[in-house]
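Mind looking over this structure? Questions follow.
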Amino acid sequence: MSTSITGRSAVDELPGPDGRSPLAGDRAGTGRLGDRLFGGAATASGLLVIALVTLVGVFLVAQAIPALQANQANFLTSREWATAGTSPRFGIVDLLWATVVTSVIAMAIAVPLGVAIALFITQYAPTWLSRPAAATIDLLAAVPSIVFGFWGLTIAGQYFEPVAGVIDAALGWIPFFAESEGGPSAKSTLAFAGVILAIMVLPIVTAISREVFAQVPTAHKEGALALGATQWEMIRTAVLPFGKPGVISAAMLGLGRALGETLAVTILLSALNDGAPFSSSIFNGGATFASKIALGIQEANTATSTGALIAAGLVLFVLTFVVNAIARVVIERRKAFSE
Amino acid sequence: MSTIELETGTRGGSPAPAAPPTLSPKSGSRAVRDNLARIVMWGAFVIGVIPLVWILVSTILKGGSMLLESQWWTNSQAGITNRRVGGGAVHAIQGTLIHAAVTTVLSVPVGVMTAVYLVEYGRGRLARAVSFMVDILTGIPSIVAALFVYALWVTTFGFQRVAFAVCLALVLLMIPTIVRSTEEMLKLVPNELREASYALGVPKWKTIFKVVLPTAFSGIVTGVLLGVARVMGETAPLLVLGPYTQVIVTDLFATNMATLPTMINQSRSENLQPALDRVWGAALTLILLVFLLNLLGRFIGRFSKVKG
Amino acid sequence: MKTLRLGQLASIALVGSIALAGCGSDNNAGTGATAGSGSSGSAAAADCFDGTLNAEGSSAQKNAFEEAAASYTAACSGATVNYNPTGSGAGIKQMLAGQVDFAGSDSALKTEEKDGVVESDAAAQVCGSPAWNLPMVTGPIAIAYNVGGVDSLTLTPTVAADIFNGKITTWNDPKIAAVNSGVTLPATAIKVFFRSDESGTTENFTKYLAAASDGGWTAEPGKKWTGKGEGKEKSSGVAEGVKSTDGGITYVEWSYAKDNDLGVAKIDNGGGAVELTGETVGKAVEAAQPDGEGNDLRLKLDYATKEAGAYPILLVTYEIVCSKNKDAEKGKNIKSFLKHFASADVQKSLEDIGYAPLPASVQSKVETAIEALS
């Protein structure tokens, strides 16, 4: 059974005889009542989805605008977040930085590792290993994120201290990797939050990549092997190119999760105090969009403080969307070239 | 060293051979690279599996004993504070199942029909718009979905925070998963089946209803279960919309209903052994539920597989 | 028909979960073996009710509330009392939105306008009658620390302010040594942990620092931390942070300091070092001035008190209730539960889990007020 939750599959890559996608809107529908009802219901569902998204967007914007108007600081460039009182000042720079850094770390670890594991399961592993391994990883895709966070804080976190030390010793001359004096303990840093996010999205990336790799036509693979390719050459020339769009979607889905992850990050990350100097190090604390919302929403008692958080949510929404859109463009372009 | 031409443009720098490739034994750098790749894959597998197995093992070790007590499955936490042992998780299990069931019932018709629209009916701008909106929906962070429902349900309509409101937020997260997986499955249904049906004079809606959807059924179920698994572990919407309770509540419109994620969240707030045991117990229970759902999905998939 | 299966499946799941609902039990009587120091006050609740009460608010009173609810429901099996510890502001917000029956808060409803709203007026409007603040639990805030080799630590408000301000950065700073003669202080760096969520505990602690430190703490007291340090989520987060960090220090409810085996600093406001015990807290609460009309019992704390043997960093958490509930039944239920909560037995039992019982004088006033609820 093959399932993909990415919306991309082999079928997307295979145009029909007229060069269009094979199934889009054939004209077999007739004017019969049943057809009109069923087709109408399908169209209505589609319209409902459009309406839902529009409604979400409108609501978020409507609640964010008054707060943004009251904002005394520049929303896009300020590092402050003080929403109480009559002259609120808030901006998203720190949130954006923490969100992007943790997600990039998560992706840098999870994507290569996930692809490699998927390749291992589909191409290398003996059958006795590949099935249970695949089942276990699928199971882990369902572990709630709060458990990853709690596990990171109470069990795994202490082992990250020496790892951080090694990274600092080797790459500390780059400010990005430098451990700061008096900074938070290693398990409360952006770096470790990124690692936990990586572990969290790893099953997702692996599961989807695995499905895509499993769909590579046997003829392609056997063709490569028959030409004398080594297994690695076969993978590089037949499996990877075929699976690339799927892997990109898998990565995007994982990235979407990482960007929006709330509880795991809230549990782990140390917040910075007001007026802390900006640090470009991954061994520093911070707050992501989602964790800021989670920490602030309960005590947000005024339209301004709620609106400010919703505005942050809106930016997160847009950020996730832009990433998805880029992925879509990349996949589409690839498709165009491969024809 | 022999060179081979496999696919154009994918192997940088290797000149195309004029003669057919000779099947000389693998040698030199090619063999080294192949072995290196093999080692890297094994290594990646081991490295990647360590934390995953670690988290699973710690959950089982720390939570397993809770699940072996019969009252875990028969009792709620009524009257049990964080510093006392005893009580069970049945209130949270029920809550989670109810949330999942209601969310599924609400999402599946919309999700499946949207997929049908996209695959079978959709054309032109509207189809592209719907597809685009599904993409956006995929990207909605769960906390943003919860904020939206809070703004709509509580702020605008003045309703109570009830389980049903949580379900509405979860529906937003589940619909795109269902649309995408169903879309996928419908695309895999061979066009010949449709054409054969049309040739017999079967109207389009009946073709979809009686031929296309049944053919894709097992795949759709798997997709739905994936979506269910995802929403069962969601915590953020529950924090905003679904206050916890220690007792059994099955009324969708009652104000407090327990779920496993909120039970975890409530119990993790203190460093007390009985509470920590419950964190891991609830986590393991949730994983187990999802596991059972997957088994069910596989069973249905095998049972209802259309041959051909 | 295959297409119907999905619907069938859903209905099976739904029926299944409802069927399961039949076999669960809320009866945990006899299973509540006490672990550790917790104990339950024996419920003397005569007038039980059948139904559910929902409260929400301060996480500082969560443990106390849970104990009281547990002993209440043990005696009244038909009753359910839920408490959602989301924070004081959240509790008041949800009460104003009609989402909960009463709120728990670390500070009384504000009587002056803030952000365009006068809380007590808004509450009165929602209730249709004046809303009362009933002090119910007094939770001392501990300055909890974890410094290797230091078992006893005394802090004065000025030194504490300097530590939480980031002006003192190592444990062997002369200013700390000056008030800790005889204690060997290491050169470890001080790591301050603060609440990253907005919290009534932060508000009360900064109120104390501002009131008692003679200008050492200049920032406006508030729910959002304005000092230095590293932010952690909720009381559990800061306690965990200190526990796992040598040189860590934080402000946290006493129960969390106890549960995590953290050192608790003695406070010297000028009348000698005061250890944190139920007794020293009781003494400080006793000295608090009532500041409200009739049964609306606000307490005004004297943070800067120099009275010997009175622990000054306190947090009084209130239950905020409608004096006259629109739903008479609800009013009766609230009354019944709060009566139990305020009873001497229950109050006494809270001492074991890090709270201080209400002093007798305050308690009797609270009981009078509860009697007047409807």
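Going by the order they are written in, the chains are A, B and C; count residues from 1 in each one.
In this section, a residue touches a chain if its C-beta (ideal position, glycine included) is under 8 Å from a C-beta of that chain, and two chains touch if they have at least 3 such contacts.
Chains and their UniProt names: A = Phosphate transport system permease protein; B = Phosphate transport system permease protein PstA; C = Phosphate-binding protein.
No experiment lies behind these values; they were computed from the predicted model shown.
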### Query
Comparing centres built from CA atoms, which chain ends up most distant from subunit B?
C
### Summary
Contact-pair count is greater, between A-B and B-C, for A-B
### Query
When the centre of a chain is set as the mean of its C-alpha atoms, what distance in Å lies between subunit A and subunit C?
38
### Task
Please work out the Cα centroid separation of subunit B and subunit C, and write it as a whole number of Å.
38
### Task
Express in whole angstrom the distance between the two chain centres, defined as the mean CA positions of subunit A and subunit B.
15
### Shared interface positions of subunit A, touching two or more other chains
none
### Task
At least two other chains touched by the same residue of subunit C: list those residues.
240
### Query
Where in subunit B do residues touch two or more other chains at once?
209, 268
## Note on the structure
The answer for subunit C against subunit A in the complex is residues 86-90, 92-93, 115-117, 169, 189, 191, 194, 196-199, 222-233, 237, 240-241, 244-245
### Task
Could you pull out which subunit A residues touch subunit B in their complex?
1-7, 9, 11-12, 22-26, 28-30, 32, 34-35, 37-39, 41-50, 52-53, 55-56, 59-60, 63, 112-114, 116-117, 119-121, 123-125, 133, 136-148, 150-151, 155-156, 199, 202-203, 206, 223-224, 227-233, 235-238, 241, 253, 256, 259-263, 289-290, 293-294, 297, 309-310, 313-314, 316-317, 320-321, 323-325, 328
#### Entry: subunit A-facing residues of subunit B, complex
2, 4-7, 10-11, 21, 23, 26, 30-31, 33-34, 36-38, 40-42, 44-45, 47-49, 51-56, 58-59, 109-111, 113-114, 116-124, 126-127, 129-130, 133-145, 147-148, 151-152, 172, 175, 177, 179-181, 183-188, 191, 194, 198, 203-209, 218-219, 222-223, 226-227, 229-230, 232-236, 239-240, 260-261, 264-265, 268, 279, 283, 286-287, 290-291, 294, 298, 301
### Task
State the interface residues of subunit A toward subunit C in the complex, per the touch definition above.
82, 84-86, 153-154, 158, 182, 184-185, 188, 266-267, 270-274, 276, 285, 287, 295-296, 298-302, 304
### Message
Give the list of subunit C residues in touch with subunit B in this complex.
### Response
1-3, 5-6, 9-10, 13-14, 16-18, 20-21, 23-29, 31-38, 52, 54, 56, 59, 62-63, 66-67, 69-70, 73-74, 80, 82, 84-85, 94, 97-100, 234-236, 239-240, 243, 256, 259-260, 353
